[in-house]
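Below is one structure, written out as structure tokens; the observations come after it.
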Amino acid sequence: MNEMVDMMVEFGGMGLANPVFTASGTCGYADELAEFMDVNALGGFVTKSVTLKPRKGNLRPRIVETNAGMLNAIGLANVGLEKFIEEKLPVLRGRSAAVFVNVAGERIEEYVAVVERLANEEPIAGFELNISCPNVKRGGITFGTDAGQVKEITSAVKKASGGKCLMVKLTPNVTDISVTAKAAVEGGADALSLVNTFTAMVIDIESRKCVLANRTGGLSGPAIRPIAVYMVNKVYTEVAKDAGVPILGGGGIRTASDAIEFMIAGASAVSVGTASFIEPGCAVKIIEGIKKYCERHDISKVSELVGTLK
Amino acid sequence: MTEQAAKTKGKFSASVSFNRQIKPRYWRLGLEFSGEGAVAFGGTRPGQFAELDLSGAAVPAEKAIPEDLRDAAKREVLLRRPFSFAKVESKKGKTHVDILYCVLGPATLRMTTLGHGDVVSVIGPLGNGYKAAEGEKRAILVAGGMGAPPMQHMAQELTAEYPTMDVIAFGGAKSVDDLPFETRPDQILKELGFYLREFAEYGIQSMVATDDGSAGFAGTVTDCLADWLGRNEVNANETVIYACGPEQMLAAVAEIAKERHIDCQVSMERLMACGIGVCQSCVVECKCDGDTEYKLCCKDGPVFDAKEVVF
Amino acid sequence: MNEMVDMMVEFGGMGLANPVFTASGTCGYADELAEFMDVNALGGFVTKSVTLKPRKGNLRPRIVETNAGMLNAIGLANVGLEKFIEEKLPVLRGRSAAVFVNVAGERIEEYVAVVERLANEEPIAGFELNISCPNVKRGGITFGTDAGQVKEITSAVKKASGGKCLMVKLTPNVTDISVTAKAAVEGGADALSLVNTFTAMVIDIESRKCVLANRTGGLSGPAIRPIAVYMVNKVYTEVAKDAGVPILGGGGIRTASDAIEFMIAGASAVSVGTASFIEPGCAVKIIEGIKKYCERHDISKVSELVGTLK
Amino acid sequence: MTEQAAKTKGKFSASVSFNRQIKPRYWRLGLEFSGEGAVAFGGTRPGQFAELDLSGAAVPAEKAIPEDLRDAAKREVLLRRPFSFAKVESKKGKTHVDILYCVLGPATLRMTTLGHGDVVSVIGPLGNGYKAAEGEKRAILVAGGMGAPPMQHMAQELTAEYPTMDVIAFGGAKSVDDLPFETRPDQILKELGFYLREFAEYGIQSMVATDDGSAGFAGTVTDCLADWLGRNEVNANETVIYACGPEQMLAAVAEIAKERHIDCQVSMERLMACGIGVCQSCVVECKCDGDTEYKLCCKDGPVFDAKEVVF
């Protein structure tokens, strides 16, 4: 690879080796992927959602394929905070990619408790708040669809984060994503991550039942990419650019071209999710592809691409 | 062909050596690996599987699509699909694997259009596979429907590794047309007990069961197994049952094994998004200290001790 | 075909020969499709959006393909109300399918004017209100995302519709589609139509420009189907079922199986849009496929399928 | 093969008779129609086109994909793709059509994997085609880049219908490798003026232009045309120019024709979702009573009078 392209990006107060992340819940804790790519070549790595208590997750089936996409309803299955610290953090310690811990919960206090406990742990570079979970206190409406709640949870967690980068992951299931993005920024978010999955449903017409045990699931994959690109561009132009807050953009990224599309739309970095299931090494291939594109277009710093949509 | 240096699993390109229809809905696909793929797949254990990317294969011409799959044929294929192996052979630096598959939906429909020389992207070998039969004197293979391939693979391994072992195989399906074996009913050698060519080639006796009685024993493969166990003396301590098939059938086999205190390993199927343990989609509920826990079919399985699984 | 399956469905006060519609903007004025299918076999037909004044529509490119979908930004190109009456209505008169005129505008008065003028015209069975257009009076926010506006426009048009069936077409670009569905019902909607397209964007990474001249477009096609099925089921269970208001469901329908999925989710009828571009005769094939499914499942009336999701 | 009774256009199945690569990026595909498809396509006029469903064709193996198209190869194909014809021949109840295509993206990549006997769903013939040359004495064909196919088709028609007409063809491209003709540069018969075999087979003279001068005239095909018009006497009243190619080139040809008062028909390209006039995606801005209006490329075109188009 040509060393002339500077692949470094500034992101929420830190410098990343390159702009490519793996997305929460799609790449385990990185060691599973070591067989397929050089995990240390990644710019960033986001863990599966961690909750205060362990969660077994939903009944199965938990996934179903759709046209150019898939639904998942894993149900935030994870080992819980304590076991995460014991078992998973050590594995992540050897990695050179910036590690973001994705945090989820059903009450604000749960989010705060998790972040507080992790605020001083190595090698955590920051947190990604998954606010697409149902807020049990407010009748199951997700935190992420209500600007007031987004601001409240962001600022509560911000106080607990010990100066680590706080990234808020926005749900696309809203009328105007700029409104929730703005609320997150007002709450003190250091970065925005978008998009999470779209609520969706697949019915088995023979049994007339939902395929997923959870009935609904989140749609991810190439199918959603054009909506995600639109939302990233909207948040970039309406909120993030002026606020100086970087965006981690994703949704259906499968190739370097897809990643570059998000960067042009306004993402400082990109996340690769579902595509890793099909090509477990694709995140690293995407890094190489972005580099080649920059070389071909005489772009000396990859960050020059960000938000350059004409 | 490979992406990285020497390893026991990974993403490899395989070349199609044959792809032939053996029954209206069943096909057998031969894949050839060379280089590092040959090394990695050369070590495949029965019960392990591979994830095939079939998204780029052609959709069959409309008239070649069974009517009940016409709508499914229009679905795009995004995810890889898991398949186990019916046979694995390494020679001259190449590894040949046979996949026996049933045409059920968009991916397996596309699979039928693969032809000699076509290149397929394969991730594997994945999962744990059946545990070796070390110390056992008798092995009973039970294949229900599309559970047949790993049982054929197991037959191959047992014959090679434990030539003195007493092995018998049971193959069942709804009806004679659903038996995923190339053996035609008129070829079934009832007299000798070598019913199925796929097992006979290893010198292994086999019994056939069909729910509708259109071939062999009339009843489920588990009824057939129970019937046979009732009529034959089996030393539970030196016997192991290997089973693969629909979940209900595995549950019945597990029950039979439990009653008779015979060790039993079952291979489970789950919808899989990744096949490599990162997505958590393929959970199998297992007993654990009086409680239950979820294990991953793709990583902790697909083969489980029958006693462990909550059916 | 076996005549034993009763394909009739009750829809907003009328009986339709069967539950399959072609979607607005995707089947011209039906004559273009006559070469590919028996247009009279359709249950319903929705015209391209008609506006008070003729509209040339957007600059090109107006479409772009995406994974399992496409974006369009046609810009409501149409001949305008008067020419529609002169030139297009006569063509539709010979058709046996129930004709719904899709109406669009930028101010409530425009919608009312169009509907008023058409209220007594034959062979119009009803109207489909396209409220996904920007409301110029309210700063370009689309009517369809605000419950108050949905109710207001629905009741205003209802008064002008001379007793013809008024169907309100909901946009999926909202946080909670039941809220706008409820508003439409409160405004007097006789039927609900969902979903319209999702706002989305595709960027040409070589030129760093949006592919569409309009920058954004509406995503349609198989990619959106699982989201649309979810929304139809949500509106059915939360609003339409109790209100006794039928749903015209659609979004990515390509086969009879897809159509049946929508009916099980709660749609009394289904609309076929983008798929007609690929298979111009597919709407009629879908009717046949639904019939076969009913035969196979011993369903004597297709309407028995509606809302039977377990 | 057809869906309905006798008609001049419709959806038909065609069978692939050949599919060969003629240049690194150019291929020629032969399709055979029988029955009603043969009748409908037998009446195809040059400039008309068909919409091919390529969504079900296989993606080429990775190493067969040019590097700049690797990412595009991963895109799914949903919509049909429009292609005009390079040749149409009916005999013995069958109609054979040749499509000359350039590999540019996911659909044309998939197109390269079609092989003899494969079935393709085709809608057509669509659009208007070039108007007949009734009463003209001379025709000038101008093909820029992938504008070549309908000009080859036109050559075929003119020779058959107007054997005494004076026809000359101009074919241009960026460079010799981009010339979508099978004729190799060393086969170009400069002396006689029959540069391109595709036109020579109809006894039609042709001139080649390349922007970089790697073959024939050094310059654009329109420069070449202007040069030739400057050196030859042409009776504007009895001459017609048929042109197909990139929009810029068509604009230049239209300008040349206008200056010299020569009739000129141009074939336009647009992104098309439906090809049959229902989606309004393919608009072409045309002059109309001092104002402009949008016409549909797929229905009112793709061939327009050059004077009518707002370039």
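The first chain written gets the first letter, and so on, giving A, B, C and D; residue counts start at 1 in each chain.
Methods note: a residue touches a chain if its C-beta (ideal position, glycine included) is under 8 Å from a C-beta of that chain, and two chains touch if they have at least 3 such contacts.
From a predicted model like this one, the values you see are computed outputs, not experimental measurements.
J.: What's the fewest number of moves from chain B to chain C, given that each move must go to a chain touching the current one?
T.: The least step count works out to 1.
J.: On the document's contact criterion, could you list the chains that touch chain B and likewise touch chain D?
T.: A, C
J.: Find the geometric centre of each of chain C and chain D from their Cα atoms only, then give the gap between the two centres in Å, rounded to an integer.
T.: So the centre of chain C lies 37 Å away from the centre of chain D.
J.: Rounded to a whole Å, what is the gap between the Cα centroids of chain A and chain D?
T.: Taking the mean C-alpha position of each chain, the two centres sit 47 Å apart.
J.: Using the touch definition from the top, which residues of chain B touch two or more other chains?
T.: 55, 76
J.: On chain A, where are the residues touching two or more other chains?
T.: Answer for chain A, listing residues that touch two or more other chains: 66-69, 221-222, 257.
J.: Based on which chains are in contact, what kind of graph results: line, ring, star, complete or other?
T.: Basically all the chains touch each other, so complete.
J.: In their complex, what parts of chain A are in touch with chain B?
T.: Of all residues in chain A, those touching chain B are 25-28, 32-33, 35-37, 48, 56-57, 60-70, 72, 74, 77, 221-222, 274, 276-281.
J.: Contact residues on chain D for chain B in the complex?
T.: 55-59, 61-62, 76, 113, 118-119
J.: Enumerate the contact residues on chain C facing chain B in the complex.
T.: Interface residues on the chain C side: 68, 222, 254-258, 289.
J.: For the complex, which residues does chain A have touching chain C?
T.: Answer in residue numbers: 66-69, 71, 145, 173-176, 198-203, 205, 207-210, 216, 219, 221-227, 229-230, 233, 252, 257, 260-261, 264-265, 293, 308-310.
J.: Under the stated contact criterion, what part of chain D meets chain A in this complex?
T.: For this pair, the touching residues of chain D are 70-72, 74, 76.
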